[in-house]
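Scroll down for the structure; my scribbles are underneath it.
Order as written gives the chain letters A, B, C, D, E, F, G and H; numbering starts at 1 within each chain.
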Amino acid sequence: MAKAFLFINVESGSETEVLERLREVPEVKESYFVYGVYDIVAKVETDSMDRLKEVITSKVRKLDNVRSTLTTLVVEGK
Amino acid sequence: MAKAFLFINVESGSETEVLERLREVPEVKESYFVYGVYDIVAKVETDSMDRLKEVITSKVRKLDNVRSTLTTLVVEGK
Amino acid sequence: MAKAFLFINVESGSETEVLERLREVPEVKESYFVYGVYDIVAKVETDSMDRLKEVITSKVRKLDNVRSTLTTLVVEGK
Amino acid sequence: MAKAFLFINVESGSETEVLERLREVPEVKESYFVYGVYDIVAKVETDSMDRLKEVITSKVRKLDNVRSTLTTLVVEGK
Amino acid sequence: MAKAFLFINVESGSETEVLERLREVPEVKESYFVYGVYDIVAKVETDSMDRLKEVITSKVRKLDNVRSTLTTLVVEGK
Amino acid sequence: MAKAFLFINVESGSETEVLERLREVPEVKESYFVYGVYDIVAKVETDSMDRLKEVITSKVRKLDNVRSTLTTLVVEGK
Amino acid sequence: MAKAFLFINVESGSETEVLERLREVPEVKESYFVYGVYDIVAKVETDSMDRLKEVITSKVRKLDNVRSTLTTLVVEGK
Amino acid sequence: MAKAFLFINVESGSETEVLERLREVPEVKESYFVYGVYDIVAKVETDSMDRLKEVITSKVRKLDNVRSTLTTLVVEGK
């Protein structure tokens, strides 16, 4: 299993729309609009590292108005 | 009451225009053109956390030429 | 209710120990050792904004070997 | 007249103490404990650029537990 | 007199062109293409702080392909 | 001989395409899609510092969808 | 197999010593003293993700004079 | 010939002292106390890339109270 936090910056003004689309991705288990350096924090969980890559590159990073994503892989935790 | 500093980066060359529009937003109590990592520092004050969110997402982040905003919530201070 | 993500950097080599102590704090609902700019990601939930401040300043930031914390308040999300 | 924002990071756990000492400096007109990349935001106002430098180097940066300061000079604003 | 370093990022691929235009600005005393976080370092000298602001906002930041500028004011030095 | 690491950020969603083009540049000896602050890490080796500059400015930075490159020159190593 | 780049900052002045110790770690396949935001870039290769974590936390991060490490996991590349 | 800018952060409160010591290093041609992300900007010029490395590692980075240095190599400029 693979788990990662995605810290996402979006085009200014599009945060609600991006949040809605993220929530349609089944592997995105949680997603938050936050105050700070990033606009959105999302938690992604997949069966494997390969699938994690696929979700991030094909589903999240290709969403309209997503400017950049910082992927932080969970090494260990609960 | 909720108070926050917004550190704003704008499209290079548009800082005067963005500053003018920010000053038309009543909840933006102060706004400065600064030298440094950010282009503009703005102080926002609202009645509630919910209203703060609304002002930032609907009024500030949707302004033309605003590239990114970093919201720094005031926890305590004067 | 108030919810926040804490991105924590610790003295190099002390990550396991800090993680253990974080898990003794009841308001720290999740905590992860991660790869990236930060060493640890923790999710904190409290009854109020005032309590959130207390937990962060009195419990998390005062832990030995915690070098810096970046608090990212959740505005909205699930 | 010179005006600047100081974004201050302090030793983890010492934020209340640093805030108290900052408030004893007459040129520090406002000071806030904030959530985000920085721990404290302070607004400094002096009669001249020379005096600004003096206040920052001799009064703020020499305070115990101040780890780093980022000075952002106000170019224009209200 | 006012002196500042400008750390400039440009649209990828346009660094030679931006460098040439910067060198036509009389207040830009030195300009370098550098390896690192920034693409170009420029030293600007003017008669006054007001003039410095004018040069940065009207001449440098308005150049085509300049994405962002970080202005670092010289407090003291030789 | 000159050796450098390039930390590259690309338009969100174009990482596979940029990676393919990088691999057609003979001086790019290794290239990786990575998780973190940067999207791609590339190792570049050339005969001289002059040639390194040429490769970075004419070949890498001019690629479509490359948003920014951070060049980190190798001083010494194996 | 797991592969990662480590971007390491060390106590100013200790870079040669840290580099020597890193080279005694078998899983550190390459290590470089570089100019830029980081002081050292190291490439680590292990048999598994679990072993990667072990090498980073027990061998690299515990070295004297290592101040911080940024781990960038390789997703795909050659 | 090799030329580089060094962006230096020092222990808070020690900037005057570090500046004085930097000025005793013959290869440090200019040095400034600045406002911003860095505390000091220094321009270093040497006969060769090898000598540049020596000056940075043996003379600048080993100075007391220097916390970190970011070296930005000049590729081309005047």
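Everything that follows uses one rule, which is that a residue touches a chain if its C-beta (ideal position, glycine included) is under 8 Å from a C-beta of that chain, and two chains touch if they have at least 3 such contacts.
Given the structure is predicted, the values throughout are model-derived calculations rather than measurements.
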{"item": "Contacts common to chain E and chain H (chain labels)", "value": "B, D, F, G"}
{"item": "Greatest separation from chain E - chain, by CA centre", "value": "C"}
{"item": "Distance-maximising chain from chain H - centres being C-alpha averages", "value": "A"}
{"item": "When chain G is superposed on chain H by its C-alpha atoms, the rotation angle in degrees, nearest 5", "value": "90"}
{"item": "Interface copy of E-H among D-E, C-F or A-C, judged by whether over half of the contact pairs recur", "value": "A-C"}
{"item": "Pair with more cross-chain C-beta pairs in contact, given B-C and E-F", "value": "E-F"}
{"item": "Separation of chain C from chain D, taking each centre as the mean of its C-alpha atoms, in whole Å", "value": "25"}
{"item": "Intercentroid distance (Cα basis), chain G paired with chain B, Å", "value": "40"}
{"item": "Distance from the mean Cα position of chain G to that of chain D, given in whole angstrom", "value": "36"}
{"item": "Of all residues in chain B, the ones touching two or more other chains", "value": "33, 35-37, 53, 70-73, 75-76"}
{"item": "Touching pairs - complete list by chain label", "value": "A-B, A-C, A-D, A-F, A-G, B-C, B-D, B-E, B-H, C-D, C-F, C-G, D-E, D-H, E-F, E-G, E-H, F-G, F-H, G-H"}
{"item": "Chain A contact footprint on chain G (complex, rising order)", "value": "49, 53, 73, 75-76"}
{"item": "For the chain D and chain H complex, residues of the former touching the latter", "value": "4, 53, 56-57, 61-63, 66-73"}
{"item": "Chain B partner contacts - residues on chain D that touch it in the complex", "value": "3, 5, 19, 30-38, 41, 70-78"}
{"item": "Of chain H, residues touching chain D in the complex", "value": "9, 12-13, 15-16, 33, 35-37"}
{"item": "Of chain C, residues touching chain F in the complex", "value": "35-37"}
